[in-house]
Amino acid sequence: MSISDELLKLYRQMFVIRRFEEEAARAYAQGKIGGFLHLYIGQESVAVGACAAIEKDDYVMTTYRDHGLALARGMPPGVAMAELHGKDAGCSRGLGGSMHFFDPERNMLGGWAIVGGHLAVGAGVAFRSKYLDEASVTLCFFGEGATNIGGFHEGLSLAGLWKLPIVFICENNEYAMGTPMSRTSPLDDLSVKAAGYGMLGDSIDGHDVQVVRDRIRSAVGHARRGDGPTFLEVKTYRFRGHSMSDPGKYRSRAELEEQKRRDPLKVTRLQLADAGIDESALVALEESAEQEIADSVSFAESAEPAREEVMRASVYAPSEQR
Amino acid sequence: MSISDELLKLYRQMFVIRRFEEEAARAYAQGKIGGFLHLYIGQESVAVGACAAIEKDDYVMTTYRDHGLALARGMPPGVAMAELHGKDAGCSRGLGGSMHFFDPERNMLGGWAIVGGHLAVGAGVAFRSKYLDEASVTLCFFGEGATNIGGFHEGLSLAGLWKLPIVFICENNEYAMGTPMSRTSPLDDLSVKAAGYGMLGDSIDGHDVQVVRDRIRSAVGHARRGDGPTFLEVKTYRFRGHSMSDPGKYRSRAELEEQKRRDPLKVTRLQLADAGIDESALVALEESAEQEIADSVSFAESAEPAREEVMRASVYAPSEQR
Amino acid sequence: MRTIRYREAIREALLEEMDRDSRVFLMGEEVGHYQGAYKVSEGLLARFGESRVIDTPIAESGFAGIGVGAAMTGLRPVIEFMTWNFSFVALDQIVSNAAKVYQMSGGKISVPIVFRGPNGAAKQVGSQHSHSVEPFYASVPGLWVCAPATPRDAKGLLKTAIRDANPVVFLEGETLYNVSGEVPDEGDEELIPFGEARTAREGTDCTVVVWGRPYYETMKAVEAISTALEIECEVIDPRTVRPLDTASIVQSVKKTNRCVVVHEHWPMGGPGAEIVDTVQREAFDFLDAPVERVASLDIPMPYASHLEDTVLPTESRIRSAIEKVCYA
Amino acid sequence: MRTIRYREAIREALLEEMDRDSRVFLMGEEVGHYQGAYKVSEGLLARFGESRVIDTPIAESGFAGIGVGAAMTGLRPVIEFMTWNFSFVALDQIVSNAAKVYQMSGGKISVPIVFRGPNGAAKQVGSQHSHSVEPFYASVPGLWVCAPATPRDAKGLLKTAIRDANPVVFLEGETLYNVSGEVPDEGDEELIPFGEARTAREGTDCTVVVWGRPYYETMKAVEAISTALEIECEVIDPRTVRPLDTASIVQSVKKTNRCVVVHEHWPMGGPGAEIVDTVQREAFDFLDAPVERVASLDIPMPYASHLEDTVLPTESRIRSAIEKVCYA
């Protein structure tokens, strides 16, 4: 694939996520989606860049802000949208909802809603790779708000000690709900924490999908070679509220506008134009993506609701022959 | 007080702790003490040096290995020994036992048996000092084995963020039960962790009580001035098993003998001799300490057993007039 | 009497107690600048300042522990969990530390602390965010557990909780925050004692015990059944599940000879089963039918709205249970 | 049949299952080089090596989480808590993660994991180290909870637990480890299914339900009462408290018309109260007396030996309860 072909592909993925999230927001406003809805708008470059850096056998997992990662990993938008609509065709059969996207076929292992709760789980997935002597690497995403909690510490401690093949990707979008990082950490650069776990640490700008991809690729290589985990702070920003119920009063419109100038979609679109891709090609790509999202909405709306039998059968897994 | 007078006092305290622990071990072997018994033998310089660095209004708290700190803080040996014997005259009225020494009159706040569980509690005590604008500082002790657990991380994170007046004293005695630190941490120097919490960190040799006292004094000054906490690794060694049930097979006799050459009591006794204190004075001091310990044993043995009414009345505290 | 929302009742209790006693402070995620994730602490930061209304990082075990240390040394912390689901990462602080210090210090150090926040399901927030935590905390001696259903009880119990010398687990409810109800007028201070049930409705045919959110489903069910079948239920809300006012419950059952217990926590154990145990033991000769329980189904909470409705204790399940014990 | 200790029964189950399935590994504090804090895993490191018998730092939530991740992706972890008291810092991993993944992934990802270690009081280890955790974990759908009293049950249930596709909370006991009992001969593999009670003693006068450590006090009490008063108790050990074999218990009560439930966990709620709830509901017309319970006193465990004995369920308290329901 040529460089601009690959970049086009990444751009399309980011565009699909952006439009998916916008349609999800609309459906939420119409009451077709319930519960919490945490949008990934503004952060698309992180999941897309990360997924471009890994292989099919590698694993990914993240927080409740999980639509972008699932889509970047290849989940069909219809399946994702159906989950938000509480439908049986959803990736978690309508039982999980927005915060719990799972897609084991694509090694997308959730969708976790307890801050810090999945970091050790991610380390466990990486532990398995090591146990079975497989080459797969795990990417574990979380927000900067998770860096003060015990789960973060224990996940990183064990991964660092045992040199597990995992990359901890801290998406620093500057806020944890309404709280800016200046009020939750004495640090400016979170990657300083890595040394305390005997692992590599780095802090990068996340607005350029190629920068993200390249830096994560090298961290993945490090892990795959058995050299241990990396703690990577990726500086990003969310354009919407924490969830749909958050009006975002804690930041100024000026701040938001300023940030939007670095919108990762804009950044990449400009790079594509600079690389000689012409506007009509971009528009065509965007239109096909629009169509895909529109189809996902109709699919979700017309799908069958989540089923009570499935719910009842999903408390305990059947055990294999003893 | 002259320098050697003070050192004599510290030596006597260390000697009292050593002999207390030896008598406790004997009583345990005789079945007069039950439960877990974690001895402080070998680490006396840490608690004694630390308590020499603080004031009456300052607070101390530690793990289940708490006899040394309680005695260094001034708890009468008889009260401590009575607790081990499950007597009503014990510091926790026979309800707490070896692992839960409390002495609020001397600002000795336990005695905690969940690894990492008291670090945030210590931060809370320091929080109170700040809240009330009091000058008191908290010393919070724990083992090197506690540095991987979530409670450590959260306690240090909040203390660092809010610049609470506390000194975290990590007594690195090389083992957590039977596990040497080389198998639980990729680090050699734990003080590296401090930077991740935006606090001062240091690592010192703990066998010389004066070194301990002086370093902690400066950390306490830092905290008292409002400049925030320090994470201090104090390198020490325990001469006995983790608890009475541990035969200590995980280390060689040679290692133990080597370590005993740096026995803090020996180190200080030599310093006293060098400072011109003559042997007879030291022997006299040791004899008086022996007597104190012997008295503590008789006191404990003849004291009244812990009382059922006290036990029943210690589930809920009576509430003040509403 | 005035009518206010549950949210405001909690806020008033906090405000009054913080006004009354400078040792009381509020600490938790988003309690200050954000005014509370559910706007419970609206205005408190402006009134009391950052030293007493304290936003924390996401570190429940850390700030719960800070509360314990502060309480041991004389302050009176109110620790907010954004929801009680997040208390699980801090459970050790509550169960092993807060509940134990008084005992393990031989009664020398008390821990006057309140842990509070919304309990139970909200609406479609999924299995990790929908726990009813009574079975976890009510089993622990050393803790008190309050679960008020009405604004008046919420206010009066929270004031009592803040003045109590022991750790209190205070269970509110996201869907309760918007409920309106009467509370005493300003200046009429009311402290509701722990361990005193409230008789929400008098009746002669069946005792229904309920607390927290399903109180409202229950009230609907008993009115419907009164109209339809002339069965008159006596509804008893214990308000605190530890201590539990077993005397009032037993007394009522001795009158009605029938009993249904309704709760949102899962069926296995908890205060729900405890009440049944007490009733069958202390009113054995008075029971005309086995005691029935209506609980959430024994299933992790699903996301889809219609399935969530199936799992929660519904008006129709409550009604069926009452009919069953009344052989109606 | 051979006679071995409970400790060895656990060890044999681990060894056989690790031999059988290379996906099974053991992880926890001091399980390897130290051979287990209570010597349960003696020899396993030598046999299986460091890749399968894994010593951890003190980080229960971390290694419980590692287990969850490994189980989600096909391994079969056995996670040892040095004691169940230390599971409280990992409770969120067990309750919010292990118990939820299968459900929240829509049944796509199962979590075949065993969490095991000693439960309950040991001897004079104080209030932070003496928890009986059944009320915490048995309330949670998505978990199984085993609490074997005998070596045979311990071995057979642990083997079943390791092969089960779901998270299992496996409660052993420090004071049980030295208990001896019969187990099948080598080569006679026995898997004991979950949810099937064992009738430890047949009798016609009173059903006594008990699991875990107080099983032994109970057996002493029922023998004594048989000799002294010719009251013949039927002792039912459910062995697993989730799932709970209510059918066997109810069937027995229908025969004896009386029931006493004995457990070490605190009185409020838990499987103890749940069993009473079931019995009064399903055997209502058969009961000649209220169901009685014998539990630990509602008090944090004190250190002093004579007080600890007062708090735990004693033979004499069990005997009194049986006499009470038999009006003897």
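In this document, chain identifiers A, B, C and D correspond to the written order of the chains, with residue numbering beginning at 1 in each.
In this section, a residue touches a chain if its C-beta (ideal position, glycine included) is under 8 Å from a C-beta of that chain, and two chains touch if they have at least 3 such contacts.
Predicted, not measured: the structure shown is a model, and the values here were computed from it.
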Using the touch definition from the top, list the chains contacting both chain B and chain D.
A, C
Please identify each chain that touches chain A as well as chain B.
C, D
So which has more C-beta pairs touching, A-D or A-C?
A-D
In whole angstrom, how far does the Cα centroid of chain C sit from the Cα centroid of chain D?
30
Cα-centroid distance, chain A relative to chain C, in whole angstrom
36
Report the inter-centroid distance (CA atoms only) between chain B and chain C in whole Å.
40
Multi-chain contacts in chain D, i.e. residues touching at least two other chains, fall at 56-57, 59, 61-62, 85, 88-89, 92, 96, 103-104, 126-128, 141-142, 298-300, 302
Overlap residues in chain B, where contacts from two or more other chains coincide
92, 94-96, 100, 112, 114, 117, 148-151, 153-154, 157-158, 161, 184-185, 311, 315
Could you classify the connectivity of these chains, where an edge means two chains touch, as line, ring, star, complete or other?
complete
Complex interface listing, chain B residues touching chain C
59, 90-96, 100, 102, 104, 109-112, 114, 117-128, 131-132, 150-151, 153-155, 157-158, 161, 310-311, 313-320, 322
Touching chain A in the complex: which residues of chain B?
148-154, 157-158, 160-161, 184-187, 192-193, 195-199
Chain C residues touching chain A in their complex are 29-30, 33-34, 37, 55-62, 85-86, 88-89, 123-129, 298-300, 302-307, 310-311
Touch list for chain D against partner chain C, complex:
61, 85, 88-89, 91-92, 95-96, 99-100, 103-104, 126-128, 131, 135-136, 138-142, 242, 244, 265-274, 276-277, 280-282, 284, 287, 289-293, 298-300, 302
Could you list, by residue number, the parts of chain C that touch chain B in their complex?
25, 51, 56-57, 59, 61-75, 77, 89, 92-93, 96-97, 101-112, 141-142, 144, 160, 163-166, 191
